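First comes the structure, then the notes that go with it.
By letter and in written order, the chains are A, B, C and D; residue numbering begins at 1 in each of them.
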């Protein structure tokens, strides 16, 4: 589904992604793990078009999508969420979801003045869909709340919810569980599995919670220092020498840094 | 609109009414008319800032382009100037445009490298001299014709009302060019870039005499249909008779009548624009814009073409400023390029938007009226205040002298204080975004 | 006394229009000048000049059976036609001024004339709007100015330069209707007379730096630099740069550039430079200068004398018309300004009022040698000045 | 000989005035850039801060002059400068406590801070005129020239003169000293280093125990010094008038951005780029060309690229071109 070939992203002298090559299979829930600073989020950002790669290629379904802007990728069914929730803070939860679908008639300025009937019908359908999604995510009781005022975990659900407003092919989830309590995390996990099964979404998940990864993901890819170290089931990864060293190394470094 | 918002509008209405009773109805109506124009300007800026978060500090330039449109649309063509060199000027301009297009094409067609750079430089330099050669001679010929009273190409001789939408188009065209080049910049940089471009527009208008007489001003623009000249009213027996019926003398009645005519025209424009803006704001389009303003990165990831939308709203807001600029020049009856100063035509408009409430169309309209009222009335109020403060001091005391002499500077001071107070205690403006 | 006038102005404003009708014997003259904005530094002296004339008339007690003349100030901002019109609107319709002394810059003057003065039939006498365009503006006989049109000055400058055998000049002008109008008029005249203008470069007033202008002017060269600017604006800045860099030694100074400030700022450095400004006689200007000094301001500041004259003309015309209504006295401004009649100088307004009351003719000369021609503008009699020993003095009249 | 004349003419009309103007812009731009780098907003009130600082200096200078204190051949204003800086410092710190602090603690968007500075600009604008009036103020004294055009011609026997005013020399020398002290302060002292750390990464700096309010305080003090020095030098070289100082804001911003906002080195470079572009693009090269080229090739016209009318447009066109091709300025500025 997605192939990444020898991708590099350099910031000045710092090589955040340093020659990553990986493949994401259609219909899978792929886990992406690695110690802090391994280049996971940068890799996401490059694939999703937020950052331009220094070199390398990204292929989606045989088409070269390297460096295309995010809104174009969205049109091709590639969606993503953010490590730190990027909600539209001044808008209600329902509005946050309703704005997602592309090519709404009401987004044409002309129609806002002269196509009122069409917009009204469209809006009704969108609102219904949004409410459905909110209910699915168990946050329908706060659907009129401003997104800026809800908790961090709820924002994560909202992010996930946005991907459900359209027919996505592949969804990149960046630490969707960070700062979320266990119950909510399970809810999110359930939602991901359901979407994968029922709608056939492909997922790529960055996560530090290994239980979560273990429950959802197959395969799991481990990154360190901008490169792919290993790929396999979580157990295989856990047993990999290089992986252990990578985690241990940074663990030691962390200890030194915090001392 | 909430009840509080409505009360604020009533309050501003009262301020104007009080002006009418305490000073004169002519003053009140004039404040109302300029207030209407200010409200339209604030509406345009609010569209860019409140709805899209674009920090445009080049309002002055768009207002000036509107003024230019008023001249080019409504003044009669000067045949003598046209035959002297008008077509050569046009040819020169076409050459200039052609040079730029050729350079851009070279940039796009040729492979990256030294050849491309050199070709572009060669095209630009060659084009520049060719342009100057043709253009300068034409300009000289045009400007030599009767320089004391015309010396420019004149306009199309159309009704001045046509100039209002044309002003919008001029501003939109400029906004398109600016947006294409500068919208990718960060907010502070965009601000400075627009500030600079506005200055460039003004300096072109000041110095290109063939276009609109430059600093020598074009006076005597025609009035819109439906707005007569006072003197004609005063000479019309039937009007004087009617005025007497209201208990008014001819000169008061005629001046009020003319001002009311403008008020009516301006109100129509404001209401139409406000309706359009409100409908747009409360539609999926407005929702998308707010999403972009709240979080550009997420909006981009959700499939919204942020750059294109920014360009769209930048053009729209600027076009509204252009319309207001054309209206203002129509009201003044003349185009005076030296009068375009950033303090008045850019920063004051910003005060209006922020005090009124950015993101809320009604807020910016209110801000337009309120701040314009203060801008005009702080001056006599300042004088009165200084009179009050110094009333205890003896005549000839230097401080008294100094304070009264300085009263006029209360205007800027007050604007600053009002802006800071609102930012501090009601940071989202008097009528905040809902 | 000046302060008293100001104070009464303030109180009058506070009480508003309600009182205006109560004082039957009060004449109000609006003083609309750019108290803020680019000309804000010469404006106070202009307003003081106008108010000095009003005080003189009030003190005499001779105008229209002892009327008090009150000044109502309004801010034209010089550049903002909207604000200027609003101020004029307030003065005319709320304070009910009988006439307007102003405005200063040609742009706002035109706006006020078209939008307020003509609409309400109020006489306007501008001390400083010199744009030739205003000569032909429709004014219903309401607009006058005590400064000559720039077209006239172009001829004067050419004559003076030619008499001195100067055939090649560089020209710089302040980039507004005054400067550009004068520069155009002069250049056309000078070239028609066989002279050469090596460069005509604009300078913006109130800008940061004039090195570029001076550099361009110096490179173009010329025997004399003609500086069509303002003495306390960019004009002096350009001269400063030209002297300091040794680009030019001799300057021609038109009306906007002549002021005692030149003596203070440049002194000896301008020796040999020359120019001309309106006036047929030094007597009036000198008297006025002393009167101003006694009143505590600088009467030689640009257009201050013209302001005094503008206010004086308004009041004398009122006396001649036996009415303070603009419609009545607008036709008398020419009579009092021009011959025949007894010549009137600054400080002699009481004499003039008395003469007029007795039915005699006066010829107001005033501080700036007023002589109205054509469409109600100053005829443009000039006094030629030259610098020697660090001060300028009048050497000839033209 | 002709070649020498050409060089001297160029130096006199382009290089010397360009250097002085450039130094003045650089000092102003340094203030803007520091505020941007450390406090993270574009300060629209900077031009008027310069005006107020200069106003203090002028008032004190007048006091000195009437008390008979002078500074020999140098302008008395230099003696008044430290007092002026102190007063401006107090003013800016007061403004910060009363206005900016509130917003900083709320961590508002930078653009809101820009709006706030707009309000401060209006107030300072009014206050300056209220206190000293809108007119031209003269306060320069001492020797006017280091070398005048006439002296130079007599000395060298060249046809062209070269003049260097005391104020021009002073401007360049002072600018060099101020910049040297500033860089020493930023790179060598503990406070300076903490300011740089704060500018580079606020959160990291806070973690390492830097007191942000102290950094802010020092920033305002340095800005006060820069603004007052720049304003005073400018006033000595040209003249003091509040309106002009507001107008200075535009070229100063252009300089700071061309150089790269937030980068002190960039501000200095930017100042000179803007100053020289204004002077050279509109310079009529006729005279220089006449000296250098053989008669047959000497130009008939002025050899001027653009008329001086467009001087202002030139600096902004450069600004926009730089922004388009190098969005963070010539020297890498911040892109917060």
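The definition used in the following text is that a contact is a pair of C-beta atoms (placed from the backbone, for glycine too) under 8 Å apart; a residue touches a chain by one contact, two chains touch by 3 or more.
Note that the structure is a prediction, hence the values are computed from the model and not measured.
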Quick one: which chains contact chain A and chain D both? B
When you average C-alpha coordinates per chain, which one falls nearest the overall C-alpha average? Tell me, please. B
Separation of mean Cα positions, chain D and chain C [Å, integer]: 36
Rounded to the nearest whole Å, what is the centre-to-centre distance of chain B and chain D, using the mean of the C-alpha atoms as each centre? 31
With chain centres defined as C-alpha means, what is the inter-centre distance between chain A and chain C in Å? 73
Residues of chain A that contact two or more other chains, please. none
Each of the following residues of chain C touches two or more other chains, namely 36-37, 44, 175, 202
Where in chain B do residues touch two or more other chains at once? 206-207, 405, 409, 411-412
Which two-chain combinations qualify as touching? A-B, B-C, B-D, C-D
The chain D residues in contact with chain B across the complex are 36, 41-42, 99, 102-103, 108, 110-112, 114-116, 118-127, 129-130, 133-134, 246, 250, 253-254, 257, 261, 307, 309-310, 312-313, 316-317, 319-320, 323-324, 327, 335-336
How about chain C: which of its residues touch chain D in the complex? 36-38, 40-41, 44, 175, 198-199, 201-204, 206-209, 211-216, 218-221, 232, 236-237, 240-241, 244-247, 264-265
Inside the complex, what are the residues of chain B that reach chain D? 53, 55, 181-182, 184-189, 191-193, 195-197, 199-200, 203-204, 206-207, 343, 347, 350-351, 354, 405-406, 409-417, 419-420, 423-424, 427
Contact residues on chain D for chain C in the complex? 9, 12-14, 16-18, 21, 129, 133-136, 138, 144-145, 148-150, 152-153, 161, 163, 165, 234, 238-239, 241, 243-244, 247-248, 251, 275, 278-279, 282-288, 302, 304, 307-309, 311-312
Which of the residues in chain B end up touching chain A in this complex? 276, 279-280, 283-288, 290-291, 294-295, 297-306, 312, 316, 433
